[in-house]
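What follows is a pair of complexes built around subunit A, which joins subunit B in one and subunit C in the other.
On to the complex of A and B.
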């Protein structure tokens, strides 16, 4: 399956976007968690606070589906 | 009228009632950039070193900075400053909302209060009209209730900053409240306001500000608006605010639980951001000039108690009044947030003080009979409500805790100092530094006492190795220069930290506003000058070598983390001392933590070196000289 991951800030530089400024196209096996997918592309899940898809929060144990567009939210750097 | 400035500074002697209008000194702004910069300078120059922070010789300052009120992202802040009764050093704290911009729209950049009023007063500003008015009818009112009453009496279009009973009663961690949920919470500025019998400041203004190059500013900022609206992290921010990050803090072993006894909270699901949105959220809320809307206006519903409305809890309060107190219901956390807000206490220090008292109760150091027959058990909102009432009104042992954890530990003794989680008298923010050494160093060295907004390094610690302390100091120094710049300019730092607005873009805006033509490096140098002036001021007031003030409580090195993903992790005292050595070296201070003449001369504040020398605390010359550049921008390794 193919999913699209988005991120800003330092996380963006780790994600290495290839679609547009914020977005990376990722090919992944169906049934893998978002956390596993991140590890597979070399992004430590520890730097992702939560994910966001279709206006809803998703934890890193979320199982993405083909075509998902998922924003990765970095931790707040002190409010 | 200078660009970006309203043009007038008010000097108000509360003892005599004299109100003076002075032309704002643009040169002072050019050198100190407003906000916490000018505050630091005025406090250094004008407050006698032996002045009681709650006495007539302390000065209380409001400053709206250069950028607040201008057409820039989140130019909403106002800075409060005074010598802190909590830390006995230069103190400052800021808030968003609408007060800062409105003060400038009324025509005023800064208000400097001196003396003590013989009776309760509030400052009334309606454009040209500036009056001290009788506040007897408001004295004793709680903060949120008082703000509402002022708006009813004066009009909805007045912006109000007020204190609650805590500030009136000299509780040293009292805050100033505005906009029904924005607080200048840190360093006890509310206690200073209360000591001066100044209940509130009410401002209405409808003038405009002049900027140097409006066309360029509009073009630049419109581009930023369009860009950030498309930023992938904007919508999550708008929807969830900051409270959502406590899950992340928990899974990464930095959240404080049970007064920083551990960094893992087993009931985190009951108090996290999901629960806040599900059970408490009423609507989103934004400050002046902000389209992020990270503020969450909420309600707390607890059977047997009145339904209350508040702003928050955001991350710091959710952690410090949630996991740190063992709370198991988000409504309870929100209710405590409201209690602290309405009493006029900083919810960060407040959470720290309550947690410290709870651990004292857990260990039998305080007992039911000390608590008027009540208990103080983890997770009990009723116990906390009663305890806070004792503190706010200084009843019984509530009086001990009214001075914060450091002073309470000095009263209680019996080893409690070890777990009074503060530095320089100010309680720690909502991150445990035992497995995040840079964060611990940030607390240890913050000029106003432990506070995350001077430097936040958790992800740096994670990327660089959480057991490793080497190399962390230079990054902390850099962060201590760049982050406080936002408090100097009086703008919110979230657009920089979270939405990729660069420091270069912000300085470009500053230049469009002022015409100063400065660089980021020059701004950082100004920030370093402010930092060092505050350091000198702290040493001059507290009369010891700097190093004497820079250690955390012993829990930081004696107790390993006992549970969760950080189980067994912790730092040694030797590692902590090593970090301090590296930090002082990176700053151009000597091994005792005292600034050197070479450094202070380089920064253009030689007079501070003269003053330190007279007291015997001037740093010894550094062999080979001071570093040419202090601090190092973090260049992340692969995450």
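On to the complex of A and C.
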């Protein structure tokens, strides 16, 4: 299956977008969790605070479906 | 009961639809952390006329704070933030009852620091104390108004367990922590003022727009996105309560 990962903020450089400035196309095996997929493309899940799809929070154990567009957000801790 | 001076001070905002200045005067709010976020939120909560404003920070003012921490000035350098903030807030609005606590929040002192407060405003600059505040929010069933910034990016949310998710439903505690967070004034000011707006809605008895939701702000593209934060049935904090 193919999914599209988008990255916010500081995560963009780690994700290495290839579709546009924010987005990377990823081919992944069906049944892999988002966490597995991230590890597979060399992005440590520690750099992802949370993810969302269609305005809904998705946790890293989410099982993506073909065509999903998932936005990854980095930890933001400053004040 | 509002004094003559208070009626004059708030004469423009009481014209806002749904406003009730007496309700704001009855509110007891704590701002934990008086950096960029806390400077904005404490000042505007005071200006709005929140009746009792608890402020808490154990830090002293450094010159590198002055690009964003508008509570302070050159004359504040080296002084405790709580003292300077109390002075500034009292000068802005003497009708606000300011209660300062010169301490960093930790798991030991958090219950005592939060005691008597109806709502927690996050002005912190690191993750660990945020999770402590979140635990207190869950334990007491009071709202926690989350805010955090990094460079051009900021998050804000309104969590009120058990009606909503909590911070630990959103974010795991084992995420990466940068050594030094890039920050400039507009990002914490924008997020801090969004937090204030949510606190004021709550104090007025309105439903905060970010109730159980998270705002993702990116100042570099001036984009705002709001997502729903569902409760995590396996949340180590709020699913147990």
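In the analysis below, the second predicted complex is superposed on the first by the 78 of 79 C-alpha atoms of A that agree within 3 Å, B and C clash if a C-alpha of one lies under 4 Å from a C-alpha of the other, contacts with A are read in each partner's own complex, and residues count from 1 in each chain.
Definition applied: a residue touches a chain if its C-beta (ideal position, glycine included) is under 8 Å from a C-beta of that chain, and two chains touch if they have at least 3 such contacts.
Given the structure is predicted, the values throughout are model-derived calculations rather than measurements.
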First (subunit B), second (subunit C), both or neither touched by A:3: neither
Superposed model, subunit A: greater residue contact from subunit B or subunit C: B
Partner chain in contact with A:74 - subunit B first, subunit C second, else both or neither: both
First, second, both or neither for A:42, with subunit B first and subunit C second: first
First (subunit B), second (subunit C), both or neither touched by A:28: neither
Common interface residues of subunit A - those touching subunit B in one complex and subunit C in the other: 8-10, 44, 46-47, 49-50, 52, 55, 57, 59, 73-79
Parts of subunit B lying in touch with subunit A, wherever the complex brings them together: 231-233, 235-236, 239-240, 242, 244-245, 247-249, 252, 273-274, 294, 314-316, 429, 452-453, 456, 458-459, 462-463, 483, 494, 497-500, 636, 638-639
Touch list for subunit A against partner subunit B, complex: 6-14, 22-23, 42-44, 46-47, 49-50, 52, 55, 57, 59, 71, 73-79
Contact set on subunit A toward subunit C in their complex: 8-10, 44, 46-50, 52, 55-57, 59-60, 73-79
Contact footprint of subunit A on subunit C as seen in their complex: 33, 35-38, 122-127, 130, 147-155, 165, 169-172, 174-178, 181-183, 188, 214, 216, 218, 225-230, 232
